[in-house]
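Lettered A, B and C in written order, each chain numbered from 1.
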Amino acid sequence: MALLEVQDLSVHFGGLAAVKDVTFSIEQGERLAMIGPNGAGKTTLFNLLTGQLKPSGGTVIFKGQDITHKAVYARTQLGIARSFQITSLFPNETVRVNALIALQGTRAGRYGMFGVFRKDKALRAAAQELLESIGLWEKRDETVSWLAYGEQRKLEMGLSLASGPKLLLLDEPSCGLTPTESADITSRIRELGSKITVLMIAHDMDLVFGVAERIILLHFGEISCEGTCDEIRANQTVKDIYMGSRKQSSAGG
Amino acid sequence: MSTFTITTLNGVSYAFILFLLAAGFSLTFGVMGVLNLAHGALFMMGAYFGLAIVARLDTFWLGVLIAALGTGLVGLGIYYFFLRHLYGKVPEQAVLTIGLGYAFANIVLWIWGPFAKMGMTPSLFTGVVRVGTLAFPIYRLAIVGIGLAVLILLWWMQDKTRVGAIIRAGMDNKEMTRSLGINYGLVSTLVFLFGAALAGFAGMLGTPILGAFPSMGDALLLLTLMVVVVGGTGYIQGTMLGALIIGLLDTFGKAYVPEIALFTSYMIFLVVLLIRPSGLIGRKVF
Amino acid sequence: MAAQPRPGIFTGRLFTRKAVAVPAERSVRSFIPVVLPVIVIGALLLLLPTFVPSYIQSLVTKMMIFALFGVSMNILWGYGGIPTFGHAAFFGFGGYACGILIIHGGISNFFLNLVLAIALTALLAAGLGIPAFRVYGVGASDNPIYFLLVTLAFGELLVRVAITARSLTGGSTGLAGIPYPQLDVLGITINSRSFYFLVLIIVVVCFFIIYRIVNSHYGYALRGIHDNERRMQALGYNTWLYKYTSYILAGAFGGIAGVLFAYFGGVMIPGTMGMAMTDIVFLIVILGSASVYFGPIVGAVVIVGVEYLASLYVPDRWPLIMGAIIVVAIMVIPQGIGVLLLDLWRRLIHGST
C-alpha cells in the first residue's frame, strides 16, 4: 500500500482551476520532487495535501485513510508535516522555544496547565537533539527574528521535523539560500533516512537531482510528466516548459 | 390592518435612518479596514449641532447641513490626528475611538445638559397624508424618500464611477491600487469624511423621530454593528438589506410584542453570525 | 546575547512588539531581581491597612480588583493575541450572578456563591465563544475586526438584557443591596478591613494560577498561536480549542473579579458589562503593557488612581480625562508603562547595558 495516494485532486478559484485532476502516489521511504514553473500550482497542491485548502474534488489517502476533509492539525497528528516556502517561525521567541513548541505539538501534555513548559526535561532533551541535528544548538538562545535568513531556513525545516512525521512536505527548502547553504540543506535531506518519506517542491535542480528518486512536473495545475531523474533530464516537454519559463522570468525581471 | 401599515412605514423609515448611519460606518470599516467606534457618537453630535442651529436660526435644512459638515470635520480630525497613525492596529483604533466617543458625549453633556431634546419636523414635511382611514406622517415618507435618494447615489457611485472602482480595488488590494498611481491616502481621507458626515446627516434627520440625548451613541453603535454583520460589508445593498431587517424587526417587535422587542434583532444577529458570518450580501470574508 | 532595540519613550512607536513573553530566560534565572519587588510589594500590601486611612484602603481594594480584571483579559490579548472587546461582559455577569444568587437565590454562603458565579460565567463564556470564534479567521492579524465587533456587540447585548430583565437585575437602576461576603462558616464577619484582606488573598491566588497557566505547556501553545497560528496548526495543535478554552478561562477569572466588585460596591449596574467598561479594561492592559505579565497590574493602579483623583477635583469630567489617557497610552507610549518599568529595573540591576 502506498503511503500517500492522491486521486483526481482539483481545486477551483472562481472559474480558474488551480489544480486539476492530479493523480499520483508515493511509496514509503521514497523521495519525490515536484517541479514546474511559477504559478504551476505546486504550493496550492501542498495546501491541499496538508488541509489548508479544501479541494473541489478528488481524494487524498494517507496510510490507507481518507484524509481529504481532515483538518490541518489532524493530518499532522497522523504523520504529515510541512515546511513553508515563506519562512514561518515564531519570531518573538528564542530558537530553543521554537523547537520546544514544535516538538510539543504531537506529544501528550500539550494541554497541561500545571507544569512549567520551559523546564520540561524530556522536551528540553528532545529540543537539544533536534537543534543539534540541524546545527542550531549554539544559537538556541537567540531570538528568531534576529537570525540570519539561512539559519531561519534551517530552523524552518527543523520545526517540520519536530512532529516526527512519516511524510515530510518540503516547500522550496533552499529558497533564497546561498550555494553553500543549499548544499548543506541537500545533504541534510539526504540524511533523513528511509523512515521518512519526502515530497519536495524545488526550483533548484541541483537540489532536485541530488535528492529525488522520482520527479513530477506540474504545469498549469496538471501533471505534465513523471519519471526518474534521467527520464526527466532527457524529456523534451520539460525542456520546453523550463526554457519557456526562463524566458518569461528574464522578461519580467 | 392599519396598525400593520403604519408600523411598516415606521419600520421602513427607521430602517433608512439606520441605513444612513450604517452606510457611513460600512464605508470606513469595509473599505478602509479602519474602525471608528465613535460613529454612534457622531450621529449624536450631528443631532446636537443641527438642533443648535434650529434653536438659533429656526431653519431645519441649514441644521442638517451644519450637522453633516460639523461631524464631517470631527471625523476628519479623528482620522487625521489619530487613525491615520494606527493603520492596521485595529484594537488600538477601537480603544481610542470608543474613548473619543465617550469624551464627545461628555462634552455634549457639559454644553447642552443631560435632558433629551426632541426635534421638530421641518415645515416642508409636517403633517400627515391621508389614505382612506390611515394617516401617514409626511416626515416619515420624506425620510424614506431621502434615504432612497442616498441609496441610489451610493449604489451608482459604487458600481458606475471611477471613485467607486478605486474604492473597491482598494478593498481587495491596497498596494496594487497605490502602485497604479492613485492617491489612496486622499481617497481614504475623503471617504472617512464622507462617512462621518453621513452619520451626522442621519443624526439630524432622525431628531424628530429619535430625539437626541448625550448617551444615545452606544445603542446606535450596537445597531450599526448588527446591521453591518447581518447585511455584510463591501456592498451598499448589503447595508440596506441589513438595515431593513434590523429596522423592521425592531419596530414590529416594539409595536406588537414589546417585552421581547430587543431580542428579535439579537436573534437574527446571532443566527446570521453562526450561519453566514460574512453577512447576507457581503464580500466573502469567512 | 543578541542586541535588541530597547523600547524607550521616544522610540516606542517604532519598536512596538506584538505582545508575547514574560522577560527573557536570563533574568528569570536570577532569583532576586524578580522575587524582590514581589516580596516588597506584598509586604506593603499586608501592612497597608494598619497605616493608611480607610479610603486609601478602599482605593487599593479597588485597584486589586481591577488588576485581576486586567490580568484575566490579558490572557487573551497579551498571550493569545485575541482582541476581545467584550471582556467586561464576564466581569459584570460575574458580579450580577453573585448579587442575584444572594438577593434572589438566598445563597449567601461566600464560597458556594463564588463557585456558582464562576460556573455560570464560564458557561456564558462557553456559549458566547462558539459564535464569536466563528468570525475569527486563522491568525488575529487577518480578521481581528469582526471578532472585535462581535464581542463588543455581545457585551452591549448583555447590557440591554440586564436593563430589560428588571425583576431579576433591577433594570437600569441596577441591583442594589449586595452585602459584604458572608463567611460565617469560618466564623469570620467581614468588615471593610477584612474585606481588603479577603480580596488580597483571592487576587493573589488568582494571579498565581494565571501565572502558572501562561507559563505552562498550554500557555506556550497559546503564545505560539498568537505568533503564528498557521504554523501551530501545521505542528499539530488544534488551535480553535486553545482559543476557545482560553476564552472560557479568561471569562471565569474576569467573573471572579466581577464577584469581588459586586461585594465591593454593593451595587451592580448594567453598564459594568458594556463597552465603556471593556474600554477601561483594555486601556488598563495596554497602558500597563500587554507584553509583560504584571503590565495590567500597573495599568490598574494608574487608572483607578487617576479616576479617584478626577472624582475629587473634576467630577463629571472623567470621560475627558480618560480620553486623554487613551491618547497618551496609544500614541505616545504604545509599548506600555510596564515595559518601561522593566527596562528601568533591568538597568538598575545590571548597570547600564
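Just so it is clear, a contact is a pair of C-beta atoms (placed from the backbone, for glycine too) under 8 Å apart; a residue touches a chain by one contact, two chains touch by 3 or more.
No experiment lies behind these values; they were computed from the predicted model shown.
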item: Category of the chain touch graph - line, ring, star, complete, other; value: line
item: Innermost chain by mean C-alpha position; value: C
item: Chain separated most widely from subunit A, comparing mean CA positions; value: B
item: Distance from the mean Cα position of subunit C to that of subunit A, given in whole angstrom; value: 41
item: Averaged-CA centre spacing for the pair subunit B and subunit A, given as whole angstrom; value: 49
item: Distance between chain centroids, defined by C-alpha means - subunit B, subunit C (Å); value: 33
item: Of subunit B, residues touching subunit C in the complex; value: 29, 33, 35, 37, 82, 85-86, 90-92, 94-96, 98-100, 102-103, 105-107, 109-110, 218-219, 221-222, 225-226, 228-229, 259, 262, 266, 269-270, 273-274, 277, 285-286
item: Residues of subunit A defined as touching subunit C within the complex; value: 50, 52, 71-73, 76-77, 81-82, 84, 88-94, 97, 100-102, 104-106, 109-118, 120, 141-143, 146, 159-160, 162-163
item: Subunit B contact footprint on subunit C (complex, rising order); value: 77, 83, 85, 130-131, 134-135, 137, 143-146, 148-150, 152-153, 156-157, 160-161, 164, 274-276, 278-279, 282-283, 286, 316-320, 322-323, 326-327, 330-331, 334
item: In the complex with subunit A, residue positions of subunit C that touch it; value: 1-2, 4, 17-18, 20-21, 24-26, 212-213, 215-221, 223-224, 227-228, 230-239
